[in-house]
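First chain written, first letter: the chains are A, B, C, D and E, and each begins at residue 1.
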Amino acid sequence: MKQLSERIKEAAFGSLSSGQVEMVIGWQKGPLWWQSFPAFITDPGETASLIWDPFSVSNLNKYLLNEVPKKKIALFLKGCDALGFNQLLRDGRVEREKVLLFGIPCDGLVDPARVEATGLSKGLLQVKKEREELVFYYKEGQRKAPARDFYYSKCLSCRYPNPVTCDEMLGEAVPCQPLERFANVSKLEAASLEERFTYWSRHFSRCIRCFACRNVCPACSCRECIFDIAEPRWLGKAKESGETLFYHITRAYHVAGRCVDCGECARICPLGIPLAELNRKFIKDINELYGEYDAGADLDKEAPLLTFKSDDPDVSA
Amino acid sequence: MKITRDNLCSSIVKEIAEISGENVAGCYQCGKCTAACPVNTVMDILPHQVLRFLQLGLVEALLNCNTIWICASCFTCAGRCPRGVDLPGIMEALRLILLRKRGFSRIKAGVIPRVADKGMPEQALVSAFRKYTR
Amino acid sequence: MRFSYYPGCTLKTTAALLENSALKAARALGIELIEQEKWQCCGAVFPLAALEIAPFLSSVRSLAAAKDTGEKLVTICAACYHVLKRANHVMKTDRDVCTKANNYLQLPEQYRGGTEVIHYLELLRDEVGFPTLARKVKKPLTGRKIAAFYGCLLLRPPAVMQFDNAENPSIMEDFLHALGAAAVDYPYRTECCGVYLSVQNEEIVAEMVAKIINSALSHGAEAIVDACPLCHYNLLELQKKTPQGKSTLPVYYFTELLEEALDLKDKVEEKMAF
Amino acid sequence: MSVNLKQGPFEPLIIAFCCNWCSYAGGDLAGTGRMTYPANVRVIRVPCSSCVSSNFILRAFQRGADGVVVAGCHPGDCHYTSGNYFARRRFLLLQRFLEFLGMEPERFQVHWISASEGNRFAAVMTETTEKIRALGPNRKLRDTR
Amino acid sequence: MKRIGVFVCWCGTNIANTVNIEAVTEAAGKMPGVVYAGNYKYMCSEIGQSKIKSAIIREKLDRFVVASCSPRMHESTFRKTAAAAGLNPYLVEIANIREHCSWVHKNKGEATAKAIALIRAAVAKAARDKELWATQIPVEHRALVIGGGIGGIQAALDIADAGFEVDLVERTPSIGGHMAQLDKTFPTLDCSACILTPKMGEAASHPKITLYTYSEVEKVDGYVGNFEATIRKKARSVDLEKCTGCGICWEKCPSRVKSEFDEALSMRKAIYIPFPQAVPNVPVIDRASCRWFTREKCGICRKTCPAGAVNFDQEDEVLQKKYGAIVVATGFDVLDLDDFGEYSYGKHPDVLTSLEFERILNSSGPTGGRLLRPSNQSPPKNVVFIQCVGSRDKSRGKPYCSKICCMYSAKHVILFKEKYPEAQAYVFYIDIRTAGKDFEEFHRRAVEEYGALYLKGSAGKVFPDGDKLLVKGVDSLSGHALEIEADMVVLATAIKAKSDAPQLARLLGISTDTHAFFMEAHPKLRPVEAHTAGIFLAGACQGPKDIPETVSQASGAAAKAIVLLSKENLLSDPCVSEVNESLCTGCLACIKVCPYSAITEKTIEEKIHGKALQRRVAEVNVALCQGCGSCTVSCRPGAVNLKGFTNEQIMAEVDAICL
């Protein structure tokens, strides 16, 4: 992993100092062990601060929307980020020739919550990955544990660990052993109507409508979001179960056929609402009804809601 | 003959509609049923007339005719009816009214031992009992 | 090829000939017909009164049992075929009756018409295939002019039975051709034989039978073949009561010819001789 | 508001989005033919079933509709050639999704009703009203205010 | 604040009987924005409209709602009323309280409550109406007529006579259609060919008409005034210019196939003209049965043609042309009788459809006009005609009446008896329908002068009996089952829509009814127009029709087309989509769902943080947009909006109905 960090620094320095790009977006370490923040670097001298560690989970490509570049911007993409980048590209939100993409093969990132849950976080100073293991550093010394035990669940079912697009790949491709991603959806489908309703209302009742799930989503890139528009006001401001449901149904419906299944929405949710399962319900239905489609990867296929076949399954009751 | 609304909509007319599940107003008297019927020569009221009688509310005449007992439920009429009227179902309804309500039985005494001798298939006997008795 | 098999009362008694020949031929063609364990009489006639469920509960039981094995339900008797297929249609299309029947029967699993009911002839046509059957024929009935008699129960009402083109069927002729025989086309092949009227109106049935027999004869038939025990009885027995007063045309079950063409008849006789 | 202002048994409110060319015309034909169906149904005219956004459907439920019907031309017969093909995909996914969240699937229905099917229009509306009356009021998607 | 007026129509008793007008008017008066509510017996009448106009002026209304019949009926009327009072016509909304309320509900309380809710929705929508202005679209002054039967010929001639160019596309090698197959026509017994062939010739020689025979329309794009059609001229394999129609080629041709024109009762050659009076009188090679094309042998037609017109290498030609209007006149087919085995049709040669009988009567037909039994070429003595074969039959056929059979069967009886005065005709009928000028008289002649025995009833079975046909039927009036020994049986077979009518409908973007006949825009008031502007219907493609009806509908369709073609410009419906560029993200999903390719991409420049920036957005071509609104749903932030049906308006309607 250290080697990858070095290559990131080199790539950033090279592209900035050659004048090929005017900014590099990467990750920097924060004060605590689990903090890896996005960094926006324009001075080649600062590139040494860039890192790659098991907490570099932020998807950087949505920051492109805020930047108005004269020249190119360089960006680091994990496998999931690359899918999101393609979706932004398809939505016309980024211009391919204005970005320089460095691909990072990634076999999974660490969920700090899982570290907390095991009690390993007490007095923890730093976490590093060595091969298949995590090394936990304390004042007193260090402990080791299998890395996969601490990965985000979204990483365990990741089907594209190696970026599907980039200008330069940093590092060797990693193997892909995804867990079945529709397991939870299928389980819910098998439950009764009332069980499903109870399950989701419990989750939705906790929603504080912070919109983090939308903000992080690479498929949610509208200049102005329907939920923010005042006239007409689609989404009311009241904390109201109907409004919350409208929000969640509409958010998921708007990314139907476009969601790249990066799982960021569920990861970012401060209340732990399993939002990705909503998206996956759509993905599963689309695959079953209209044929397999992987948004962000199947670039030659038309998005399923923007096309049709005359013999599609009928909706009529 | 006097025709009144009471006759046209009598409870027995309704009952026939209910038992058979058929709407006799669907019939436009093309006569296809009669033309198709293999036993029309021995019927006293012809199949299309059965429907006409029902349209006119003349149920008693139908309950006293031999047609409903001669109809063999061969479904030739039903298969060709352009209006999709199930005449065998209506014949059955008329029979059932007699069998159920009026304690009627069409099986003549002494028939059974006679036919059983001849090796007549069970199918025939069960059918006849189902059609002629209750 | 494995199927559930519903024999029905008549095949176990007066029409044993039909069952025996059919089962023998099935074995020879590699078809497994598994007789249902607890079948009950189908009722012989389909109840035509709407909302009358009791008479076909026994059919529903058989249909549901076949569904549990996941197999198609085969019948040989035309009447059983007619009743089972129509009962199944009602279960499929009439929500109300379906619910009532299910409530009454208290089956382990709800039955909603999932079983496919097929007649032995359909088995030959759609599962075995007439070309295959033709290849398996050992003693073709070459030169035999045979008139097929369909009767009512297989064909009508067409919307439910969907057995063949009800006004111009061909399955029995195709069957005869597969056996090597020449099929005689005559206008009365889909007429009614008189069915149960023979129980007490023999004279009517005799007249109907006479028309059928004469029509077949005048078109050159040397024998007539049927698929229904009651048609068989009427054609055979009441032929004697026709104006000619005697039997002029031999009457066979279609399976008898099948047995003959597959050369199964002699074998049995040989066996019996031993 | 529920349909009957008086106290009484539950009467559902059903909103039907009907495409102008087929289903709305089918509704007109039901009227011309004096076919009756329950007054619980209120029709909103739209040009095409493909013009019905999920936003409208959800909004109707939020505001108290107990059932929503979208009706359009039969697939293949769209006045705008392909609108209902897109609608068919959009609504099938939405229907399955609402069911996934625990909504009764009967509450949101899609029907294809042509301009000549006045009787079908009346039958669909009657059947839908009966189904939803049996289900009871929509409490799941409704605003509680 | 808006100043909305509400006008409640009683529609005589049509609404007033079921809806409490006073209660509705009172409730409407209290709705937000409503400053005036009134009612009148007939709002659509002159007086009703003037009441609206004076209320607009008196109450300074800036928009209004009419609660009345369906907007499909009178929306345009009330828009004109608005315009006459100086209001923009798109500031009008209709609440349909007749078809969708008073006519379908019986309980007055419920109907009144529903009427109020519908009006509340219309008021809410009206409050959000904006002024809309139609734009001008230029018109292409050429018409396309699809189908070269009598309907298509008539429409083409009328349009051409008005001075516009017409392209007449016919799928078969000759124009003429079914009428060319007929012998005589009812009720005048005119010779069909004698009155049709001059029209065919006129169409062929008209300077404004271009015939495309043996051709098909493959694709139609565009919109009213500006259609673009792709026409495939199938390879005729004979040069239209060089051929003199001498006939040597088809005399020499060795391949024989069943003649479509003679309903398969005679044989034609592989190189053939369908019938002697064909227009153009130039043969085609049916490549599927030609020996040259199937076996690369023969070529005798090419060798013998004195004009050197035969060209085996000819290829299909594909044309693209622009049209302002389209007339569809594709005609009908005859029902397939596979499910009607009881008539022995197809099993016995003496059982014929009426169209086949027509060919046998015809002097250019397979028998040269001698009416003989196909089985043994002997004169028929007893002919049984059976009516309603597949017509009025919801079980196996078509539930509708085919309309022409009663009359042509009377004609057949007369023609048959003219040939064989000593013979007997029997006609099984269910009802006789003779609504038409001189029709009843004609039918009575068949009965009284020609002695046809009309039997009310049906035939149950027809089967061969010796060399005769035995017809078992019933005369329901006497209550007797009958048997008739016939020499011929003629089946009045149902008329049905062309089997490929649904495909053509899809191609044209018009709709069909449940029987695949093309749908008129309004059954009473717009019977010759399709739902799609600029497309008109003529003849039996819209429903069963006889010749005079077809011709008059064709002239009607032509008149409608002429009205359109004589305009330099059309006003387009302003209810089209528009893009709010500030909301548009540029994802262009809308382009994918637009059926008219009316949305394109464009680049705009805007300043953000003082920097000039370019970005892509969607743009609507208002001439192409037909206003379906599919794009509005594909747009997540709602940047695309359909004028007249905006998101705001539909939401307001939902809210108002649920209030």
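As a working rule, a contact is a pair of C-beta atoms (placed from the backbone, for glycine too) under 8 Å apart; a residue touches a chain by one contact, two chains touch by 3 or more.
Only a predicted model underlies this, so the values are computations on that prediction, with no experimental measurement involved.
> What chains do chain C and chain E have as common neighbours?
Looking at chain E and chain C together, the chains touching each of them are B.
> Farthest from chain B by Cα centre, which chain is it? Let me know.
Computed centres place A farthest from chain B.
> Applying the document's contact definition, name the chain pair with more C-beta pairs in contact, A-D or A-E.
So, comparing the two chain pairs, more contacts are at A-D.
> Counting in whole Å, what is the centre-to-centre distance of chain D and chain E, each centre being its mean C-alpha position?
30
> Rounded to a whole Å, what is the gap between the Cα centroids of chain B and chain E?
Roughly 45 Å separates the two chain centres.
> Hey, how far is the Cα centre of chain A from the one of chain B, in Å?
Roughly 74 Å separates the two chain centres.
> Please set out, as single numbers or ranges, the residues of chain B touching at least two other chains.
76, 80
> Quick check on chain E: which residues sit in contact with 2+ other chains?
342, 395, 461, 593, 634, 647, 651
> Could you say which residues in chain C touch two or more other chains, in rising order?
Where chain C meets two or more other chains at a single residue, that happens at 159, 166-167.
> Between which chains is there touch?
According to the stated criterion, the contacting chain pairs are A-D, A-E, B-C, B-E, C-E, D-E.
> Going by the contact rule at the top, pick out the chain B residues touching chain E in the complex.
28-32, 34-37, 40-41, 46, 48-49, 76, 80-84
> So in the complex, the part of chain A that touches chain E is made up of which residues?
68, 90-93, 221-226, 229, 231-232, 234, 254, 302-303, 305-307
> Which bits of chain A are touching chain D when the two form their complex?
Those residues of chain A that touch chain D are 185, 188-189, 193-201, 226, 234, 236, 238, 240-243, 245-246, 249-250, 252-253, 256, 278, 281-282, 285-286, 289-290, 304-306, 308-310, 312-317.
> Along chain E, where are the residues that touch chain D in the complex?
Per the stated touch rule, the residues are 70-73, 96, 98-101, 103-107, 110-111, 113-114, 117-118, 121, 502, 505-506, 509, 511-514, 519, 531-532, 575, 593, 595-596, 626-630, 632-634, 642, 645, 647, 650-651, 653-655, 657-659.
> Which residues of chain B touch chain C in their complex?
Touching chain C from chain B are residues 18-21, 38-39, 42, 70, 72-76, 78-80, 86, 88-89, 91-93, 96, 106-108, 111, 115, 118-128, 130-132.
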